[in-house]
Each structure stands twice: as C-alpha cells, then as structure tokens.
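Here come two complexes built around chain A, the first alongside chain B, the second alongside chain C.
Let's look at the complex of A and B:
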C-alpha cells in the first residue's frame, strides 16, 4: 500500500489553511485581517449571503479601536452619522429625566462614535480582510467541528457541497449563539440568564426632520440610552439617529421576559408612545424590524478563550460590555478578533497550536481594554439589572427632579433631603439602600 | 413581516415537537419569540412555522423542555437578510 498522502492524513499536518475563521462579523473580519497581513492562509466562512446580513445591533460603533488597525479608517467607513450628543434617559410611564452631553469634539476626526448599519459596516470590514488576502466564502454554514484522534480541532464541516475545511486553527467568531463553542464544550448549550433579547425597529424619516428634531446638522448624530422603559423587566431601551432613519429598540433579560409573558414588540410600542420619545418619531414609517440576542453576563460568564486548535473571539466569547450607559460589542469584537488572529500567527510560527500555544491570546487581551474593562466592570451587569436600579430608581429619580423643579407656591420650597426622603419612600427604597447602592456604583464604575 | 427580507429555504431549520409541548407548563416561546411564530393549539400543543424567523435563538434559550425544539441555522444564504441591522 502506498504511503498515505498528506491530504488523507488526519491532524494539523494536512491543513489546507493556517486558519478557518467562522463568521464574517467584526470579530471574524478583524481576525482574518490580522492573519492575512501576517501572510497566513485564511478563509472566512459566513452563513449569510453577504457580511452583516444576519447581524443586528443598536447601533453605534466606537471606532477608536480601528485607529491602530486601519489608518484613517474614518475616510472610507460607511458612516451614517457621527455621534456628537449622548444622552441617558430615565423614565416612568409619564416622566423622564435626562443627562445630556454634547460636544463638537466628537464631530471631527478621529471621532468618538458613529451610527452605521451592519449590512454596510460588516461588508466594509470584511473587504479590508479580503483586500489583504483573506478568502471569504459567503452563503456557507460551518455545521460542525472536525477533530483528530486526540480530540484536537482541525477544521470545520460546511454545508457547501458538504465540503470540509481543514486548518491549523479554527477561530470561532460565530456570534452569540456560537454552536461551535457549544460543540467544543466551551459554552453551555443554553443558559438564558446570561442573555438579553434585543429588538429594534428602523423607522424612516426625512434627513432634515431628523436634523431638526434632534438638534443636529450635517453628519452629526445622537445616541439616547434609556432606563425604565421595560415594564420592570431587566433591560433598557435606545434611540439612535442614522442618516434618514432612526433606530428605536429595547433589550430585555430573556428569563424575565419569558416569565413576564410580555411580547417584545409591546415593549417597543410602549417606548415609541412615551411622551419624551413620540415627538421624535412622529410621521415615521417602519423600514425594518429585527431581533438578536446579546451576551450580557460579562466577565464572570466568559468561556475559556482557547482549546486545542480553536479559539473564540467577540460575542462567541461573551465579550459584549453591557453596563448601564454602555452597550459596546463591536469594538470588543474587533479588538479580540484582531488579537486572536495575531495569536494564531504566533502559534503557527512556533508550531504549537494547542491551547497552550494559543494562550498568548488571553494574555494579550488582559493588557488591552477588552479584558481590563470587563474585569473592572464584572459586577456592573448585576447592579444595572438589579431590581432597584431597574424598577425603583428611574421613578425615584424622576420624582426627585419633580420635587426639586415643581414650584409649590404659596407653600415654601421643600428641602432637598425631604424631597429625597419622600421620593425614596414612595418607591419603597430606604435611604440606607440608596446610600449602599450609590457606594456600590462608585466602587464598580469609579 | 412585510418589512423584512426573508429568503425562505425548503428545509425547516427549526422544528417543534408538539407532543413535548403538551406537557409544557410555561409556553415561554409563545410570547418571547420576537417574530411571533409559536401558536398554541386547542389541544395544548404548538403550531410552528419557520419561514419568517429572525434566527435569534430566543426560543431554544427560554424553552424549558428538553427535546421540544430542534434548532439549526438555515442553509447557507437562506433565511432572514437584514439590511438595516
């Protein structure tokens, strides 16, 4: 019998590619870009007909993460509007209280955040990877992992003519439901409490109407995050301006949403009718409705980032940072994906693509914002999604504002302490709890 | 959902075993599915249609009965296409 050829021998020796990257979202394209630049052979497998076609976010991309990766990225990125005004709104059914920040500095390069839609942004980023030499297979699902006799991951099966793609490393950038991470035993099959459901409506409005209503002009845009709009279900809402559409949506904790038996569309409908939101949306028409999960558990729910022949980046590794006024995932996906690609390059160079050969990836992320922020804010999701913050504080703060702003003549003005005590009592919060939560908040965010 | 682009494949990428649903105490899928695809039937089962699914994963995450939902992605290129995601 002839010697087995390299092609039939199992194991990484027979790899056609240095890396298969599953998913052409921000994590996958960044990983492929890093690998292609390093001269490694890399193929991206994307199940949608084009990158971004399956992806949904709020959305604002915080682009500074791109500075080091794509010089002058803002010159050709498909931006809708540059965010120059950021607002956090706390609301009850009939009240709202906002902290509103605006600065012209965010309206010039290198900018702070941009609204963009994923069909265009993800396509743009994937093109950076293919221009650098990565291959992109769209309309192809990675249906499972290939392993060698030792259980090491050596590639993926696909549904494109049942083709198998063999590689030294598989970088699973397959997003929040990551079935590859589940198959590898890195993520639990289903753990609803770590996830929120995001639903979003994109509404058409003429560009000048958006400019006028939101007080912006040209390419300026607005980002409003909202607390207290989810009928007590842990979560929040958002309203973002695009060029000639606005995105309005809510996120809601999965187990609580299910238990409350409230349809997610009802939560959006509530928000759209709120007296502080409705005037922005008057006369708009529905362009698209979409839904997607978010991994909101944070640092403590992150899976191991690598196993033999495989690593995770972006949402497959639960890297979205969701902590109150922050809902950031795209920047975390890009940074982790790029770092994963660089780690694969080093591992391939050293000839060790086992978990220990890939361990430099985690070490790298621990030096970057990706794991530094997550570690520091590890207790933030629990605080932000806690009963008091979700169900009592928005109303309490609104009543506090009402107490301070309402002119009660001929009665004299009440003191701040009395207003606070009354508002707290009305919402069933003890001053002691308020002080404790403030301290807790300062410890987590300070 | 007239405003969403669905490229419906021939294969049902999600199937629901209505037998299992009959003994379900929560029917969590019915209200949580953002596409409203789970319809309770008079005999306590579930009628499901995969065609206008967002592929979000909510249903298998909130379902409390092992084996009720078989969940896969649609074949490559098929299913929902978001243009403003």
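Let's look at the complex of A and C:
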C-alpha cells in the first residue's frame, strides 16, 4: 500500500498531466470525469477546501444532462427537493400575477429539476471524477498560465511555492470572473454589462412549515421566478424551497445597480416584505447571505472557447442561459465541461492540442443544447432586460388582471380591449409597442 | 520489517489529532448537534500541535506520525496532513455510528481511547513525544493527554503556549522547554524530559502549507488504517469504570396526588387548591458557613419538607448532623 508521505512525492517540476482542470465546480468535475474515464491523467485544481465550498447558487439544477453521464444519478445525488411546482410571478409594489404550474410527474424518476446545496452537489460530482481516476487538489489557486516559447499554454502556476503543473491542455472552469481566461485574452478584462449580480439569503424554516406554506410534501419543492421586484433595475427575483430552508434573492444588472446606487440587500428586503412573498417567509431566520456574479450576456458575449492548449467551460465561457422563463446554468456547465473533457481526449489522442485540434469542442457544443439554445435565444437577454419588460409590463399585466377581475357593479363589465388600453396608457406603453414586443417574443421563444 | 515507517532511526514525535466538524450546526430548539464531514478539519490547537511536532522533529532529525481516531470521513484531512511529509495513521474507532448522540460521545471512555492509541503506535516504536491540542472543538474533556502519559509512563506538560527543543542538553540527550500561561500575564517555563506528552494551545504558530508535490501525492494516496480489537489492546492495569450516559429525555416530574379540599365553598376550595393560605418558608440566607454546615442545612431543609425521611435507615446516614457529607 502506498503511503502518502513526502518521500514518495514527485518534485513540482515532474508534475505533468494530460489535462489540468482549474475549478472543481460542475463544469470542472464533468471535464475531469470525461478525461478520467478516457484514461487520461487529469488533476482538478480547486481554490476552496472542498468542491463547492465557495459556490453560490440561486436556481434549480436540471438533471436531464446527467442521464448520459451518470446513469440513475438521482439515486445518490444530494437533493434538497424535487421541484414539482414552477411559478412565474410578475409584481409591482402591491400587486402580483402568477402563472403557476404543478405536476406530480416531476416528483418521480427521472425527475425534472431539483434544488440542491451546491457544496454538497459539487462534492458529489467531484467524487464521481476522483472515483474514475482524476486527482483533486484542494486549497490551491492557479495563479497564472504557463506558456512555451510559441506562446502556447502548457500548464498553470500555483500558489503552492509558485510550483507549476504542466499539462497538454488547461481546461479553465474557474467561474464567471475567470482570471485565466482573461490572462489568455479570451475574456475582456472588464465588461460589466455582460454580468448581473445575484444576491440571496438562505432562511431557516421548519420542514413542515415549508410543506404547509408551499403546498408540498416529502421531497417535493417549489421554484418561483419573479419579475418586477428590482425597483426597475433590469433583473428579477427568485424564491425556492430546500429541505428546511428557503432561498430568496434577486439578480440585478451590474451597471444599472451601480448607477442606481442601491444596495442589493435593499432589493432582497423589498422582496421579502412584498405581500405575496412575506407570508411564505414569516418567522424565518437568516442563515446565510451570499452574492455572486452571473454571466448573463448570452451567446453574443461568449468568448472564444479554445486557444492553443487551453479551453473554457461553464461560467468562464459565459454559458449561463438567462432567457426569461429559462434561467439555467449548472446543466450548461456540466454539458460543456463533459464535452471539453471529451475534446481534450480526442486532441491528446491526435497529438494536436492547438486551437484547431481543440475545435471539435465547439462543434460538439453546436450539436448539443448548449449552443443550440444559446444561439436560438441569443436575443432573449436584450428583450428580457429591456426597459419595457422590466419596468412597465409587470405593472401593465397586474393592472390588466385587476381590471378583468375587479367587479365594478353596478357599472357593466369593461371589455378586455378597454382594460388593456387603460392599463397600457397608465404605464406609458403604446399598443403598437406591445404588439411589437409580443411579436419579438414569439420570434425568440417560438 | 523494511517498511520505512517502522525502521526509521531517530526520535518519534506523534501528533495526536482530533479531526471533527469545525462548524457543527446546533438546533436552537432541541439542542441537537448536526455534524457534516465537509466541515472536518484541524482545530487551531491541533494545527499548532502538528506544526510544533514538525518543528521539533526537524531539529531532532526525527520522524512525525500524525494519528487520529475516526471514521473514513476524516481521510481527506489526514491526506492534507500527509502532504506535509508526515506519516499518517487513522485508528478506526470501535464504534462507527454517525447517529451516535453528542452526549454519548462526550461520555466516551478517554482511558480506553488512550490505550487504543498507544497500542496503535506499537509498530512505530515507543514515542519520545506526543503532542496534542489542548482542547477539541466538539468534545473537550481535556483528559486524553493525561491518560496517554499514564499509559506510556511519560511526563506530561499540558496547556502550553510554546514548546521547543532544549538546546542546552548535551551528550546526546534530548529534552524540551515549554511555556505555560499564568495569571496576570506571567508565564512559567518548564523543563520537560522525555518521553513526554504535551498539549498545546492554538496560538503562536501557524501550520505550514504543503508543497505541490506533497499535495499531489497525498491526494491520491490511501490512508493507512489501524483497527484495534479489544483483544489486541494491552491491559496496563485494571480499567477504571467510566461514566456512562443512557438515553436522555425531557424531564417530566410525576404528578403528585393531592387530597381534595374538604370544603364545599368554591372560594375556600380554590384557596386550598392554590395553596394561597398555606404558610411558605421565606427565602433564607444562611452563612457564610463552611461546607459541612451548609450540607447540614440542606439536609435539614429536605427533611423539613418531606423529601428525606429521617426514620429511614438508608437515608438517616445522609442526614445526620455534623456528618460533613
């Protein structure tokens, strides 16, 4: 039995792998898993003490992407709740209008989406990679890229005595603010308009209270996405259930947030006090507060996915889909990471780890949902974050509902067109604009 | 035996670590402690113990064995320790039950644990020095170092803030200089001969960081496990009976049956039932008195109020005046 002592340890200069994966989040672990399964030597370099230790997460993990990677993944995944109720809520300060969908089918295998704690989920996924033969190096920061005489990336420098990890390919899965991608010139140094800031609170509530208030039982969970809760700043809110906590938060456009000079926690406080949200949270106590950047720029802001000896996957490649009714990131990270790992395997096998040798990565993603969805919905972020959708339509729709549902006897009921005209006029929306946006939405989402 | 773990010549320094969840959650309602393996790590005191072990072994050209008792969930932390160039050993506990209550763990027999640890170290040879943290974050009886010293017949110096080799010793001998806090900012300096068991505070030193090569090697290496069966455990002496804690439950005092009030007048019945007309002892301050007199006063109070029966021969001995019990 090998003994883990320094006597057996290789010198730093001898540490060479087929691939170094920077970041042990969903993308990194999926990439390492693919490489390890292909028999390649791979090491994951994780900044935190364990995978997921510093990750913030404000949505639902959709597990369909795992079907082909980890058969029957739902049997041991660390799930909090299976989402069986999905609600989209538009709100003003005092109104709300919800589209609420519920199905029991999402509560049974193979499930649709789940809430999970990222520290547990990431640890679980990283364990799949290490079980397959990948190495995991925690509490280690990749501080920079190593290049050969031709400028090709040949590894990373670490913060452990500035020691180096050499590899044929570096897969940068180091998140939204990827310093390696910036150093490689793949990401701009700073472009705030490509990002939103997500902030959330995790609030403790007894499990049975969550079950009662949200109308669920057992491992059933709820995901509520909210529009119109950010004081006109482009963005949205969310509320979802974990086992014995709920997560509530907002996502707001970074430059608009800075311009408005509003603290993000004020937006959460507003949301928590809203008459449609407050009853869910009554009596809860704050357990965590967290904030994180989200790359919501979409397809048009995606960087080149590969250069000589290096690839990007997950958030570092801006692969978060923020398209109104679809807010997905982890599944895109897993799919892109796994595809990156497979592409590295092919490149190493062919002996060509240049950008052209790694080009099969993008081609692969273009055949999958990852780039198909991003490409098809490339105009969605602009529409969803537009002034009318963010600031006028939530109020317009709420007033429209109020006009239709308010009984005005003894006056006769108003017609739908009249109510729509009144609501549109109240919110400064011309019917022509409404029709144009509807058509635009149909083109994007249809 | 050619295993370098067991054939190395030089002093053996053992860092005895307690690896546990550093951030357990405590249910504010029930007090239940929930621990998560992801929070496992070394407390500041244990990190100091490991760093001092490495420094002392470095000066003496000795070897360090880092030992921890626990389930496989502590292996990642032991790998981090192994990355420092330390031989690690996990001693498998006799009971691996994640649902064991906190109170049950608190009542574990530290003497038995010390015997298990000493037995686990037999293949490595007799330790010259064992360094422990002075407290653990979850149990913290603080008794283990003393029991280890007892098992080894070693001297003990506990609660130290500094521990260094004594470079004034000549002729090939070895000893340590230790410092301990005293009140009012004073320190006492101790000369500690070997073999010794020392516990150190989590202060004054910072655990070094592993090299990349060490971290890479350790990341993929298995952690040696030594399971000690009761039959293998040397019985140095008759075991002292340990405290045992049974299942805990909410205190539910028995209902006392009171005689029904004799009167038929509702007001009188109410007064009788609430005890409003019954004379009560006012609060009494007794003392200052010595322990013996204080005990007698307490006993007298219990007898006066019927909690002790002075005619009961079994209780009479505990209530006698001036027994001082």
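Just so we're on the same page, the second predicted complex is superposed on the first by the 431 of 446 C-alpha atoms of A that agree within 3 Å, B and C clash if a C-alpha of one lies under 4 Å from a C-alpha of the other, contacts with A are read in each partner's own complex, and residues count from 1 in each chain.
Convention: a residue touches a chain if its C-beta (ideal position, glycine included) is under 8 Å from a C-beta of that chain, and two chains touch if they have at least 3 such contacts.
Keep in mind it's a predicted model, so treat the numbers as computed, not measured.
Trainee: Determine, under the contact definition given at the top, whether A:49 touches first (chain B), second (chain C), both, or neither.
Mentor: In the superposed model, A:49 contacts both chain B and chain C.
Trainee: So, does A:165 touch the first partner chain B, the second partner chain C, both, or neither?
Mentor: second
Trainee: Now for A:105: first (chain B), second (chain C), both, or neither, which partner does it touch?
Mentor: neither
Trainee: Kindly classify A:140 by the partners it touches after superposition: chain B alone (first), chain C alone (second), both, or neither?
Mentor: Touch status of A:140: both partners.
Trainee: For A:123, select first, second, both or neither according to whether it touches chain B, chain C, the two together, or no partner.
Mentor: It touches chain C, and chain B stays clear.
Trainee: For A:407, decide between first (touching chain B), second (touching chain C), both and neither.
Mentor: In the superposition, A:407 contacts neither chain B nor chain C.
Trainee: Would you mind checking which one, chain B or chain C, touches more residues on chain A?
Mentor: Of chain B and chain C, more residues of chain A lie in contact with B.
Trainee: Which positions of chain A sit in both the chain B and the chain C interface?
Mentor: After superposing on chain A, chain A residues 49, 53, 119, 138-140, 158, 160 contact both chain B and chain C.
Trainee: Within their complex, state which residues of chain C touch chain A.
Mentor: Contact set of chain C toward chain A: 4-5, 38, 41, 76, 79-80, 82-88, 209-224.
Trainee: For a test of understanding, state which residues of chain A touch chain C in their complex under the given definition.
Mentor: Touch list, chain A to chain C: 1-12, 14-15, 43, 49-50, 53, 119-120, 123, 135-140, 158, 160-161, 163-165.
Trainee: Flag every residue of chain A that touches chain B in the complex, lowest number first.
Mentor: 47-49, 52-57, 117-119, 138-141, 158-160, 176-177, 179, 190-192, 195, 197, 199, 202, 242, 245, 247, 254-255, 257-259, 261-265, 286-293
Trainee: Using the touch definition from the top, list the residues of chain B that touch chain A in their complex.
Mentor: Result: residues 1, 3-4, 7, 26, 28, 31-32, 34-36, 54-58, 60-62, 73-77, 79-85 of chain B touch chain A.
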